[in-house]
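Several structures are given next for inspection.
You will see two complexes here that share subunit A, one where it goes with subunit B and one where it goes with subunit C.
Showing the complex of A and B:
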């Protein structure tokens, strides 16, 4: 499954200053949801300071998540089932990361 | 008390839960306002808004703040402080809606956009100024004159006079770039970097940095004969500042630090016009307009959210609470709006410009030796006592406050 992950507002500083990542998620028996995607991003894309990206099972308060250009709260947050070619965007509103 | 049996096995609790669930599910499908549009963002504790209704909501809120306080008059010169972060870019766009020809009540104040460039202080060093200028250029409808001020200028001994001289010679230009002044900027930048690296804690660094930024803005306001300065701190920023101000010894000046209008310096009004906005609203508004956020580094960027700095810690605390209890920030803001500024102050601090009310901290020997104890407020004494080098590098040599006030009296 191919998805696009975009980072803005300072969140990209945690990802080697790269704003856009085209990634292929490994095949899995279970469906990919935001709850499984976030730890995968932390383990595979994040380059430093995991605690600045995630808090508990979700993103840190202050980091906004957009799924296909709309608020992830509309899509069910962590329960959202990821589909092929989805665009997931993280915008940090925390003073430069 | 409700009993489980009396409702045929369903307790009130589970009925409530079901009702809330049904209500939420129903609401999420369609815009909360117009009941027809596709939802775009969830704000106000779970209300989904479509893009159009969201735009109307934020523009109305912005104009309501300015309207209630009746702060802007036709012809006012209005300084607009743009740092490049989401809230400042949203503020700029919201202000521009007031100049739209279709706008019901047009804003007639004359906006002067100020960009203070402090990027040299941080390792990555890439200046956000070109990106900010591009963004300012893209804003439709609004008349504008832009001022780019390098942060290190504040360390120049006759800062105000030199800036005024430069402005007088370039006042008709569309972009007045103070980088073109005949000043050794590298040397000043080195001096600023070394001064800040000699301040022990990040909290004190952030505190002094912000104070010096306010000095630059108010000095420029004086030079331009402007009496109003728009700041873009959001409700989250101000709620965190309210708590951290108490911790860093600025508790006596909370009303100035957190209310919609900040009259710390007689004659100048700082307008916290984004006070009612959350960073989320700002970011989604920019998203609607296709504006990409600009990354702006600060002293606490990439530092630990807990031990990074006092401000960072309170920010983490407030945002964490807000995620669980959505009325946290609005409660803090409502409480701060009730505070009254103290009136028994005779002069303003030379660094942060706040009124000097009562100093409870022990004035360090260093301050007394330098004859500074009467010139600084409690918060600045605490922050500057962490500075290992001569604090006179930071405190203006001649009282800048007096000069700024004189400027306003003349105008």
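Showing the complex of A and C:
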């Protein structure tokens, strides 16, 4: 399954300053959801300070998540089932005003 | 199946933090813009013909503020002259990049821009100050200097008011900080939408009730050009904890932000609480609660190579001052800024960046 992961608002600083990542998720018996995607991103894409990206099982409060350019709070958050060609975007609100 | 907009049925793109309503892009834009217009008119923030300085840092809040001020001024005919005012603290690799963003904003919004630097105002850049004092109290220096720099810039541009991009999350965070410090004077001030004592240019916050989430979403969907890097000189850790605490609360109950602001507003100041008396600085004329303003005290310390005099524990400061005063007496010279009386009763060890 191929998806696009985008970082903005300062979140890209945790990912080697790269804003866009085209990734292939490994085949799995279970469905990929946001709950399984987040730790995968942390372990495979994140370059530094994992605690600034995740808190507990979710993203750190203050990081906005968009699924196909819509607020993930409308899509079930951690329960959202990832589909092929999805675009998942993380925007930090925690960087300077 | 995508969620539908509660207003029009189109595909929703945002769940509003204040009421959990799902909105499409167009309904979000219109309610976001309209609510800020309402805040401005209900609180009578501006009068026709006024010149307004927009404190512009290149970051998300001030970039959205510049966009919104321009848009509402045109749409509702406020009759305001808008100018962008940026402060260059002299932090290489940070401020130079964000100033480039402001310069692009100036062209995008066709607004005049004034950049004022610490170097030209104070003779010191933040890079030079950090070299002198290290990374410990640098944010205190920077906060005091920035606040005064904005006032001076606005005065040079003959502005009637300054608007800043402080949003609801920022104000709630400042309420918590002031409670944690027991700073009742600032607690009262930090929630007011418009502040300004006599002789000072008043400041207002059109985003007082606007959630940070919505500002960032608006900037994202409108593809506004803003700058995102952290200041290279580490931010205040105490404030960082307050911010994390607030974001955790907001995650569970988004209304918490507005509720904290209301609590701050409702905490009345009791009669017997003594408020610091405001007067003007004998050296530069800026508002001060002792003979000299905080910036002049800090500059004096920096220029004499003793920045620790202007900051930190009172006792230690007094001891050092007594020593230097005696030494100075012995040497027979008595500078204008010398002596313990210039430094009594200041509490700049609490960071002062909370107004900007």
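We adopt the following convention: the second predicted complex is superposed on the first by the 95 of 97 C-alpha atoms of A that agree within 3 Å, B and C clash if a C-alpha of one lies under 4 Å from a C-alpha of the other, contacts with A are read in each partner's own complex, and residues count from 1 in each chain.
Note that a residue touches a chain if its C-beta (ideal position, glycine included) is under 8 Å from a C-beta of that chain, and two chains touch if they have at least 3 such contacts.
Everything quoted here is computed from the prediction, not taken from an experiment.
Novice: Kindly classify A:43 by the partners it touches after superposition: subunit B alone (first), subunit C alone (second), both, or neither?
Specialist: The answer is neither, since A:43 touches no partner chain.
Novice: Regarding the shared-chain residue A:79, is it in contact with subunit B (first), subunit C (second), both, or neither?
Specialist: In the superposition, A:79 contacts neither subunit B nor subunit C.
Novice: Using the touch definition from the top, say if A:27 reaches subunit B (first), subunit C (second), both or neither.
Specialist: Once the two structures are laid over each other on A, A:27 reaches no partner at all.
Novice: Identify the partner contact of A:52: answer first if only subunit B is touched, second if only subunit C is, both if each is, neither if none is.
Specialist: Only subunit B is touched by A:52; subunit C is not.
Novice: Can you list the residues of subunit A that touch subunit B in one structure and subunit C in the other?
Specialist: On subunit A, the residues that contact subunit B in one structure and subunit C in the other are 8-10, 13, 60-62, 64, 66, 69-71, 73-74, 91, 93-97.
Novice: Touching residues of subunit A toward subunit C in the complex: what are they?
Specialist: It is residues 8-10, 13, 60-62, 64, 66, 69-71, 73-75, 91-97 of subunit A that touch subunit C.
Novice: Within their complex, state which residues of subunit C touch subunit A.
Specialist: Contacts found on subunit C: 2-3, 11-15, 22, 57, 59-62, 165-167, 169-170, 212-213, 215-217, 220, 227-231, 243-244, 247-248, 250-251.
Novice: Report the residues of subunit A in contact with subunit B in the complex, numbered from low to high.
Specialist: 8-10, 12-14, 48-49, 51-52, 55, 60-62, 64, 66, 69-71, 73-74, 91, 93-97
Novice: Hey, which residues of subunit B end up touching subunit A in the complex?
Specialist: 28, 39-42, 46, 48, 85-86, 236, 279-280, 282-284, 287, 292-293, 295-298, 300-302, 304-305, 315-316, 319-320, 322-323
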